[in-house]
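Okay, so subunit A shows up in both of these, paired with subunit B first and subunit C after.
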Partner chain A sequence: MEKDHNVSRRQFLTYALLGTGGFMAAGVIMPMVRFGVDPILQADAEDDMVDVAAVDDLTDVPQAFDMEYEQDHGWHVEQVTETVWIHMEGDEVVALSPTCTHLGCTVNWGTDPDNPEQFFCPCHFGRFERDGTNVQGTPPTEPLHRYEHEVRDGRVFLGTNPSPQI
Partner chain B sequence: MLQRIYDWIDDRVDVTPLWRDVADHEVPEHVNPGHHFSAFVYCFGGLTFFTVVIQILSGMFLTMYYVPDIVNAHASVEYLQSDVAFGMIVRGMHHWGASVVIVMVFLHTLRVFFTGSYKKPREINWVVGVLLFFIILGLGFTGYLLPWDMKAYFATQVGLEIAETVPVVGDLLSNLLAGGEFIGAQTLTRFFAIHVFFLPGALLGLIAIHFIMIRRQGISGPL
Partner chain C sequence: MQWQTADIDTYQQSQSYVDTALIPLLSVSLGEEMKSAVAMGEYISLISMEMEKQFRGRVLQLPPLVYPQNESQETLLQHVDAWADELKSNGKNHIIWVTADPSWKKVENDLPGLLLWLPHLPIEHMDKKLQQKTLNDQMKEILPQVMKEWQQEKGL
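And now, the complex of A and B:
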C-alpha cells in the first residue's frame, strides 16, 4: 500500500506540521523583524541646507565655522553643532569636513609647524592639502569629505552630510 | 541539502541524542485531544509557554526603541507605536499578551488542580509553578509602569500602597520598590531593570526546572 503513494503518510504529516508551524512562526516573527529593521527602511530625511557663513567672510585660507541644525532622533530633536572648514578657491566655495579619513580624528588647519599650509591630524600625523587632498606618505588614504553648498543672497548654505571627494 | 548539512554536523558532534532526548517521549492517550477532545485542557501549560515566548520576543524588540527615563519614556512609546513600522502590532502583542499569559497560567493551574496533579511526587513542581505565577504577576506590575502615562503612574501608586500594608516592613518595602519616597525617575529605571533583566532571568530559570521535573516524573495519569 505505502509504496503506491509518492508521498508517504509520515512525509505528508511532516510537511503539514512544518508548513503550519512555519506559517504560525512567521506570523509572530515577521512583524517584530520589520519593526526592528525599520531604521534602515525609513525614507531618508530631506537634507535641508543650513546657513553657515557670509561669502564676504571667506578667504583663500580655510577658517572653521559652526554649522548648527536640528537632528530628528525619533522621539527627541537634538540641536547639533558641527565644525566645517571653509575657504574660497577662486570663485568656488570649498567646505570640508574636519573628520580625518584615516580613523576619524579631527583635523585642524595649519597646526603642524612644519606644514603651516596644510590640514593636520594629531592622531597619526595625517596631512591634507588646502583642497582636502590627502598627502601621500601620511596615513589617510582619501581626501577630506566635502559639503554640498549653495550661495543665496551672499550667504553660504551647506547640506548636512559631507560626501567623499573624487 | 539540509539533510547532508545535518549529517555532516551529526557525524562530528553527535547531536541526534540531544534532540531525541527532548522530543522523543510517549504522549499518553489521556492527554491527547485526538482521542478525547476534553484533553485539550492539557494544552494550557504549552500555551502558557508559547505566550511567554511571545512576551520575551516582543519585549526584546520593544526595548530597541523604549527608554526608561521620565522625560523620554512616554515619547519613545508613542514614537515606536505610531511612527515605526508594525509598532502598533508589536506593542499590541506585548500589551495584550501580558493579559493572555496570566489567563493561560490560571487555566493551566486549574487543570493541574482538578486532575490532582499536584500530589506526590509532584509537590515541588506545584511550588515552582506558584513561584512562576508570582513572577509573571511581577512582570505585569513592573511592565505597567513603563509607558509612563497616567494609568501607569496611578496603578503603581496603588501597588506601592498595597506593599505599605505589609505589617512592620511595609514602608521599607514600598521605598525599596519605588527607589525612594515617591514615584519618579528612580522608580522607572528600577522597574525597567526588574522587568527586563531580573524577572525574565528568574522566569527562564524556573521554567527550565519546571520542564526538567516534568520529564523526570512524566505527565500525571488519567483520572
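And now, the complex of A and C:
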C-alpha cells in the first residue's frame, strides 16, 4: 500500500515535470520553427513576379533592364539586382537571361561588329540569335534561358527564375 | 570563377577555357592612411566581384595580394613575378591586376599582364542604386581593356 503510494507520487512528479518541460520546450522550439523554417516554405510557395519595364518602352531590339527583388533565404533577405534582355517578337514579350550558357559570362546585344544582330559573349565569342538560339559553331550548346512573363496594365512582370528553352 | 570549392570543380573540367587570372592588389595601412586604404580595398573588392560576374567563364578570381603600405617596390615586383610564373606554368596566358594604389602606375611596364588602375570612387557613401550604376559605368570602361588584352594571343 505504502509502496504503491510512493510510485504513484513519483509518477505524478514525472508527468508533472514532463508536462512542464514539454511546454517549455515547445516555447523554445515553436519560434525557431516559425522564424527558421517558415520563411523557406513561404519563399517556395509564392513565386512573386517582379515589375521590370513598361510595354511601351519595348522594341524589337533587345534592351537591358534591371530587375530588382528581395530573395528570402530564410535566415536573411538579400537584395538582388539582375539584368534582363527584353524585346518584342511581334506581340510577344521575350525576356532573356544575360548568362552565357557556355560557362556563365555575361552576354551583350550587338557588341560584335561582325554580327550586330546577335547576342555576343566576350569570353569565347559565343553568339546567340535574337530569340536566344545559340549559333552553331560557337561554344554554347543551348539557347539563353528565358524568363516567364506576364503583362499587367501595360507593365511587364517577370518571374525570378529563368528556365532553359529547348 | 571564384576561389571557392563550389567553382573549382567547374574550373577543373573547363580549364582550357579559363586562361586568365584576376588578382586584386591591396595595400594595407593602420596609420594615417588607414581610412583611405580601407575604402580603396572595399572599392577594389566590389570591382573584382563585378568583373568576376561579367567574365566568370574565362577568368579565375584569385585571393588578393595584400601588402603593407611601406613594402618596397622591389619586393613587391619579385612577389608578382613569382605569381606570374606559377600561373604561366599552369596554362594561364593572361593576368589582370586590379588596384587603386597609385604606386603601381609607375611600374606598369614591369608588371606581367594587364594593370587595371582605377581611381578610387567614394562608392561607400552612395546608396545601393547609385553604387550599382557607378559599378556598371566602370565596367563599361573595363570591358574594352580586357578584350584588348585577350586579343594578344600570348599575354604572358
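The rule is short, and it goes like this: the second predicted complex is superposed on the first by the 122 of 166 C-alpha atoms of A that agree within 3 Å, B and C clash if a C-alpha of one lies under 4 Å from a C-alpha of the other, contacts with A are read in each partner's own complex, and residues count from 1 in each chain.
Here is the rule we use: contacts are C-beta pairs under 8 Å (C-beta built on N, C-alpha and C of every residue); 3 or more make two chains touch, one makes a residue touch a chain.
Bear in mind the structure is a predicted one, so any value in this text is a computation, not a measurement.
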Touched partner set for A:Gly154, first subunit B, second subunit C, both or neither: neither
First, second, both or neither for A:His76, with subunit B first and subunit C second: first
Partner chain in contact with A:His124 - subunit B first, subunit C second, else both or neither: second
First (subunit B), second (subunit C), both or neither touched by A:Gly137: neither
Those residues of subunit A which subunit B touches in one complex and subunit C touches in the other: none
Complex interface listing, subunit B residues touching subunit A: 54, 57-58, 61, 64-65, 67, 72, 75-76, 78-80, 83-87, 89-90, 93
Subunit A partner contacts - residues on subunit C that touch it in the complex: 10, 14, 17-18, 53-59, 128, 132, 143, 146-147, 150
Footprint of subunit B on subunit A - complex, ascending: 28-29, 31-32, 34-36, 38, 41, 74-76
Residue ranges of subunit A touching subunit C (in the complex, touch as defined): 66, 79, 81, 100, 102-106, 121-124, 139
